[in-house]
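Each chain carries a letter (A, B, C, D and E) given by its place in the written order, and its residues are counted from 1.
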Amino acid sequence: MPAIEVVLYSGAIGLSIIGLAGLLLLNNVFRMLLALVILEAGVNLLLILSGFRLAGVAPILLPEQMSNLSAIVMNDPVPQALVLTAIVIGVGVQALGLAMIMRIKAQYGTLNMLKIREQLEFDLAVQSGVATPVSAHSPVSLASGRERQLSNHKDEQ
Amino acid sequence: MNSTSEFVTSEFVTGNVSLADVLPQMILMPLIAFVSGLLMILMYRKIAARLQRRVGPPFFQPVYDIVKLYGKKTQISHGLIHDIGIVVAVGGYVAAVILLPIPGMDGIADKGGIITLSYVLMVPSLGLALGVGQCANPNGSIGISRALTAMLAYDIPFIIVVFGVATHYQSTSLVGMINYQQTHQWGIFEMPLLAAAGLFTLQGMMGKHPFEIYVAPAEIATGPMVEMSGKYMGGLFVMQSFQFYVASVLYASLFLGGGSNWFEFLLKIFFVVEIPIFISFLFPRYRTEDMVRIMWKWPVMIALIGIAFVM
Amino acid sequence: MDNIVLLVVLPLLAAFLMPVVARSSEVLARTLGLSVLFISIAIILNVWNQSGQIDSQAVSIAIGGFLPPLGINFYVDQISLFFALAVPVMVLLFWPWNRSTSIREYSLMMLLTASASGLILSGDLFNIYVFYELLAIASYSLVAIQGRAAAVAASFRYLLMGSVGSVMMLLGIAIIYTQTGTLNLAHLSLLAPEKLNNILGLGSFALILTGMGVKAELFPVNSWVPEVYGSVSSNLAALMAGLLSKLAVIVIVRLLILLFPQPEALQLMAVLGIMGVITGELVAWRAKDFVRMLSFSSIGQLGLVFLAFSIPGEMGMMAGIAIVLHHMVVKPALFMLATGWRGSLENLSGVARRSPFAVLLFIVLILSLLGIPPLPGFWAKYLLMVGLSSQDGSIYTLGMFIVPVAMIIEIAYLFRLVMIMYRKEGDEAAVNNPDIKVAPQSHSKWGLAIAASVAAMLIAIVLQLQPASDKLVSLASQLSDRNQYISTVFPQIHTVRMQSIK
Amino acid sequence: MTVLDDLLLFTALASVAIIALRRFASISKFSVVVYALATVLLIKMSALGYGGEPVYSSFTVNVLGQILQWRFDALSWFFALITLVSALLAAFFMSGAWGEKYCKEHSKEAYGLLQVALILNVLSMLVLLASGDLLSLFIGWELVSWASFMMMALNPDKLARKAAIKYIVYAMAGAMAFLMAIAMTYNMTGSLDYVQVMQGMAHLSNSQIALLVSLYVMGFGIKMGVIPFHLWQAAAYAETPGAGAVFMGAISARMGLYALLVVIVQIIGLTRVAAIEIPYTFLDMQNVLAWVGALTTIIPTYIALKQNDARHLLAWHGVGQGGYMLLGVMISDSIGTAGGIMHVFNHATYQAALFMTVTAVIYRTGTSNFSKLGGLVTQMPLTFMVMVVSIIGLAGIPPMNGFVSKWLIYRALLLDGQPLLFVAAVIGTLGTILSVYKLVHNTFLGQLRLEHQEVREAPLSMLIPMLGLAIIIFATGVMPGVVLDWVAAAQIAVGIAPVEHNLGGIELVQGGLDMIWVTGIMFYGFAVGAIIFYVLGGKSKHIHQYDNYAGGHFLTSKVRYHYSNHFYAGLMHMIGGWYRNVFIKLEHALVSLVSFMSQFSENFYRSSQPVMLVAVVVVLALYFVLGSSGGAEVSAGVSLGGFNQ
Amino acid sequence: MSKLGNIPVNAQDGKKRTNPLAGVFDELVQFCQSRSMFMLHYCTGCGAIELPPAMTSRFDMERLGIQPMVTPRQADILLVTGYVSVKTLKRVILTYEQMQSPKYVIGICSCTVNGGMYWQSYATAKVLNEYLPVDVYIAGCMPRPEAVIEGMRRLMRNIEDGKGNAWKDYFQRYDYYLGNQQHLFGNDWQTPTDIIGEARHYGLESEETYGEHTKILEQHQQPLEPYKMRIKL
């Protein structure tokens, strides 16, 4: 495999790994979204590379080339089309995610994933009537503590 | 054991018995049992007295007691079940006595066999228990609860012994067993361990010292008998004489070859009943749980080893 | 026949037109969605009536006249047609009727309809990806649009998981493409025994399974389920649990049959299915509110589905389809019952007195869910057990023991709930103080009607067991028939080639 | 339309009618008529009980390649007879005063539901008994389970609800084991039809048979309540509303034995079971099952001994007596199986009678707690009489029917040379005697409580079925041949040599049993006893219960002079320490294990990073992929840029 | 009436035998009764210490057919062995009433005869036969076993001769005994036993059975009818 391909592939894989690691290790939801963007970019790059030929040309078949098909090195157009779609979809998802982050920030006042999850669990428990609602100003940790208390409270066998 | 089984089965297939044939037996057998039982009680009391260096009661003392009890002017009943209890207690033993073969009288014994007999023997206990229950006296109920516990204690080794014997003779028919022993060898020589365990259970079955916790006069006022007066008590005395008789005849039939003639038979049953009597005044009374413990330990162990030899 | 395409096109158009139309006339916009759904149903019924041959053979529709493998195509057989029918019908059943619903939500519902229909009909791998993503976006938005903070947070977590999943799926598709150079399913199926029967093929299957699994509530990637179902309306939860997860499952199975001949792929699915069954039921056992219980029960049932489809051969296919179809009707019905019964299980104390009919329906539904003969759920479970016991592998043996255990746990928590429902009122004070009770309400007539008709359907199937079982056999044989797929899409392929594939 | 069709159709229509009419007052009369008519239909098939050809239903269903069919043979007929007669008696029992009181205490609706539950139980049992292949057997099985559950769940008490939940979980476990076994049978033999499975079984290896037998036995054993699955039954049956408990106690749990007879005895065959050696022991599978039966006679019986509530005591005995049936069947000779099968009939009669008496006591006094009863014999003498007759049957003492079946089992054990099993069976019987005495003593004997002085005899509608059952118990005890005819036919139906019998019992060269003679002698003995008592003894006076020896203490109504607490104190001193609640602890441990695993799984679903799971599954899946195919292919597979290939 | 010589005995000496066999059975029973006496020793005082030697190997009462019994239901003889306090007397009377006829009372020690060394105590009943019909008194403080056995033998002879009928007196003159008991214990005195009913049941009543004291008793008497076994549906 030519060196340049190694570089390209490792770059793409590296991007994916960075994205994935970011998603796993970060707690800030906005950063997580950015990590997702990086991950998608990496995977898209991989997809592109699968159709990439070193020194290839654009896949436009001219009539005079018909006689000598095997001599021509062309880039594969299909992955590029796919990636185009994937990028569009990715952008859509990211925009949706951003909008959601704004709503979350407005309502929960935090971007920390851990706190969001605890608040979310607590909200769900309150909605379903298995935990006590607390005022919006009470600290999240207190609420979650109470919720935990309640969930341990009654345990029918 | 195949030869045994062939022997037993070929000889002792009983045909249909007509009622007329067995009616004399049905009348005579309880009488014989009653008289022998009275003598056994007398023997029991005499031996006890002798062991305690006393003179002991006169010869007819058991008769005096029973006649006196039946001749009481007033007697209390706590209700119909109280009466029926005594009837069943006596009647059950009468039935059991009839089901036990004795020399020359074994017409009906084959209709039941040893398993039936050992269950018929529970009928008087149950009847008595019901009768005592109606007395509404907790001492009686405690006594019954102890008596039933005692039954549980000695019946387990007893039933192992019965199993061993029945396996040995390949039969549950008492008549078959006796005849086999008379023509071959006594069971006690063929199954010494089972015989020893059987003797042990005999001790419990007779309900005398040291296994008479259910009576415990000073503690629960003779337990089941606490409210028994007059003919009720008399019934129990009659029952006791049957009890001695049944226990000894059963043992003699299983291990000592029954009796080919009357003399031999009586000798054997009195000899059998003598052993527990001698033992009974040498030991103090066992508590209920101790009785259960000892009965489930030694006789069971001996009997199981005995079975291992028999099988 | 070709107007099948309209199933995708019309809702998609409606989705984009609706906000525009709403500017001039809101009523028109509202009716637009409904009318599109009715038209869709009419189209499918028409197709079904028109061509009796759909029972035995399938039809491939090339979009825009470009024949596969270059063009993209829709593949229509019994099963895809059935699910294509299920999409508008169920969307219609769980249509957000109330007047306050914004027009955006209707629009998203139409998007959902379009993408779902496309997903099930599509005969092209990348199209499947695209429709899947559309479906995902529609459902993220539908969840988030519920307005509550919890819904947004749940939706965002769902979005993160789903996006990563779809990236993985894209990666899988990339691998497949590099191996085979095509994305048409039929073509891939032709090439699969040579090109994909290797470790890369297996890897790509694992990636696709992970990606699609997010929607299909596959074991480890389903932690969004309780959060999302708990925060959205019952209608949406019913739609997602009943329909969308099943669509994803069917697509996975189709890919599995056509593309991945490796036994390891089945084993992977079996392992994840078993884990899903056991963890789902275990957590449901601990659940303290109704919706959460249903969510985890749904995870468990989907685990059963994966386990069933992982059994090679027609028996597994039958079992899988039976469970899928059964769960597809029962779970939405249960979610409809949940509309009145949100809240702690303890609060349901004595509801049987207030709404005996609903409780009766609930019992019938869960009996079928548990697989009590002669209700349809039993036959599904019976097929599953027979299928599992027919296999030798240790995983299947494990599954054969896990499934009963899961059922026992399921019966324990479901009937604990029934007993709570039949409690005398005031028998046991609720755990919490009274002001936080979410008091049980009476059900909407519509929800009860849906639950009742599902129950009636179940009983009708019991009375018509023989035809139902015949239908199941034909569905299973068609779904598992690779050759029919290939020969339908490429009628020109020589039969000799076909035999060599076999 | 065969008679079987008529019967099933009639019962089905009747259940629909009863469901529809459940709120009407005349429903109780109607249901009695229904069961009577159904019994008549069953009697039309009575040729089955004497070795007639099986009756097939003309209704079959073809589903998933299986043909479901229904038929009645002698065994089914025998069980169906017990079912319908106990349903008839239970319905009669609750048709009168008991039903009115139940309506008053609960509601009309509840009473109607009880009737519905009863007819559904009967219907489902008939469907089960009529099953002609394993799949229809399973369907019937589940129907019976759920019908029983419905019956149990009718009692709104907290204890009853708990028991019902426990029951249904156990029942589901059993059903699942059964289903697994069916699935395996199908794959091993290729069919679920009895005949074909029977043929297919011949080709299976011993290990396969062992697996099947253990699964089947687990399935059926849970229903029968054998050790170690005995925990559910007693509480569930005891807490069922009175008349329901009568029916359930009589027959419900015996459906397990029916299925066991069909599957293990008839289809698999006990010789195959006996051929399975248990490794590292000298036992075979049959021995193990026999021991399960023997332990089931012992442990629940001694648990019953500790109960302080009449219903619970009886229900525990119901579990224990099931052990005798299993033991009898597992001896596998004609006498033993006859004993086992006959015990089903006998048990049904006395257990129904006992539950009726206890229900009558509850009806009059409002409680079945031993500490709150006593001395009722003067107030309810007929009830007492029925109870005495039935406990003699339960304890297996002549001349009642329970003795005959137990005698058969003992005799078979003797012939088979099984000393330990024999001893175990006897230990069970002795425990039964102890606890039935406790039952009859603590309810009917001893001191009458002040508040029960005005208690009256049970009403006629409850007495008639009780007395009828008492007569049956005695009559079949004296003339066991009547039942043994049916039993012999049932034995032929399951492929065992029929027991040789006559009207009075068994004729066996090595010591038989003739109950007519035994009973005759016993009654002769009682007559002698009565003569001694009434003729020789003088007049006696009936005295008040407070005129009682109390060590010189003056008894008044303020002093409760009655012994019912810690009834077998001495025995418990000895064996009390052996009650370690091992099975309850095991059950709790199992629940704790599930709870622990559940918490573990829940923590998994609560992970804060949603993506973590995706990553984990991808990594694991890829690891699995690499592991499964070996690394060599990786380098070969990685050739990118494949379009030109 | 409190003198020793006034112990009322209804002697039936003048009984005529019309049929030689008429009394045979009765005589047999009487003989057996005399040869089989179960005694209930109510050990109220120091006299009880002399009973064990009388029963055990030195003197061996069993050769006379005398056996100890622990419950009044089975006993024939009530031995009152010493001073009787008022509280004890209640129990003695109850025990006596629970014994089954024919039954006999033997008062041992001087205390039962006239109060003995407790003659001026406020708390003892001095003369036992005011409250119970005593058959035999064995005086002495305390009487030795020989004396006890001699007393027993006397009783045996009485019974054999058909003279041991003091128990009938309790039924026939119940009013008298009840009066003395009421005098000591107060007017609300009642035992759980139904003496009047018993007297009526066995035909042992006479005019003196009833009187002013039985009327007092009837006023406050708790019902003593046994529960009849009845079938009331």
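Note that in this section contacts are C-beta pairs under 8 Å (C-beta built on N, C-alpha and C of every residue); 3 or more make two chains touch, one makes a residue touch a chain.
Here the structure is a predicted model, which is why all the values come from computation and not from measurement.
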item	value
Between chain C and chain E, the fewest steps along chains that touch one another	2
Winner on C-beta contact pairs when D-E is weighed against B-D	B-D
Greatest separation from chain C - chain, by CA centre	E
Chain centre separation in whole Å, for chain E relative to chain B (CA means)	37
Distance from chain D to chain A - Cα centre to Cα centre, in angstrom	60
Where chain A and chain C are represented by their mean Cα positions, the distance between them in whole Å	24
Per-residue multi-chain contacts in chain B, two or more chains	71-76, 78-80, 221, 226-227, 230
Multi-chain contact residues (two or more partners), chain A	20, 23, 32, 50, 76, 78, 117, 121
Shared-contact residues (touching 2 or more other chains) in chain E	71, 73, 198, 202, 226-227, 229
All pairs of touching chains, each written as two labels joined by a dash	A-C, A-D, B-D, B-E, C-D, D-E
Chain B residues touching chain D - in the complex, by the definition given at the top	5, 8-9, 13, 17, 26, 30, 70-81, 83, 86-96, 98-99, 108, 110-116, 119-120, 122-123, 126, 129-130, 133-139, 141-142, 144-146, 148-149, 151-152, 155-156, 159-160, 163-164, 166-167, 170-173, 176, 213, 221, 226-227, 230-232, 234-235, 238, 287-289, 292-293, 304, 307, 311
Contact footprint of chain B on chain D as seen in their complex	375, 377-378, 381, 384, 388, 392, 395-398, 403, 407, 410-411, 414, 417, 419, 422-423, 426-427, 430-431, 433-434, 437-438, 440-441, 444-448, 509-514, 517-518, 521-522, 524-530, 532-533, 536-543, 545, 547-551, 561-564, 567-571, 573-575
Chain E residues touching chain B - in the complex, by the definition given at the top	28-29, 31-33, 35-36, 56-57, 60, 62-63, 65, 69-71, 73-74, 76, 100-102, 198, 202, 226-227, 229
Chain C residues within the chain D interface of the complex	157-158, 160-161, 164-165, 168, 177-181, 198-200, 202-203, 206-207, 209-210, 213-214, 219-224, 226, 264, 267-268, 271-272, 278-279, 282-283, 285-286, 296, 318, 367, 370, 372-374, 378-379, 381-383, 385-386, 388-390, 400-401, 403-405, 407-409, 411-412, 415-416, 419, 422-424, 427-428, 465-466, 469, 472-473
Complex contact set, residues of chain A against chain C	20, 23, 29, 32-33, 36, 39-40, 43-44, 46-47, 50, 76, 78-79, 82, 85-86, 89-90, 92-93, 96-97, 99-101, 103-104, 107-108, 116-117, 119-121, 123-133, 150-151, 153-154, 156
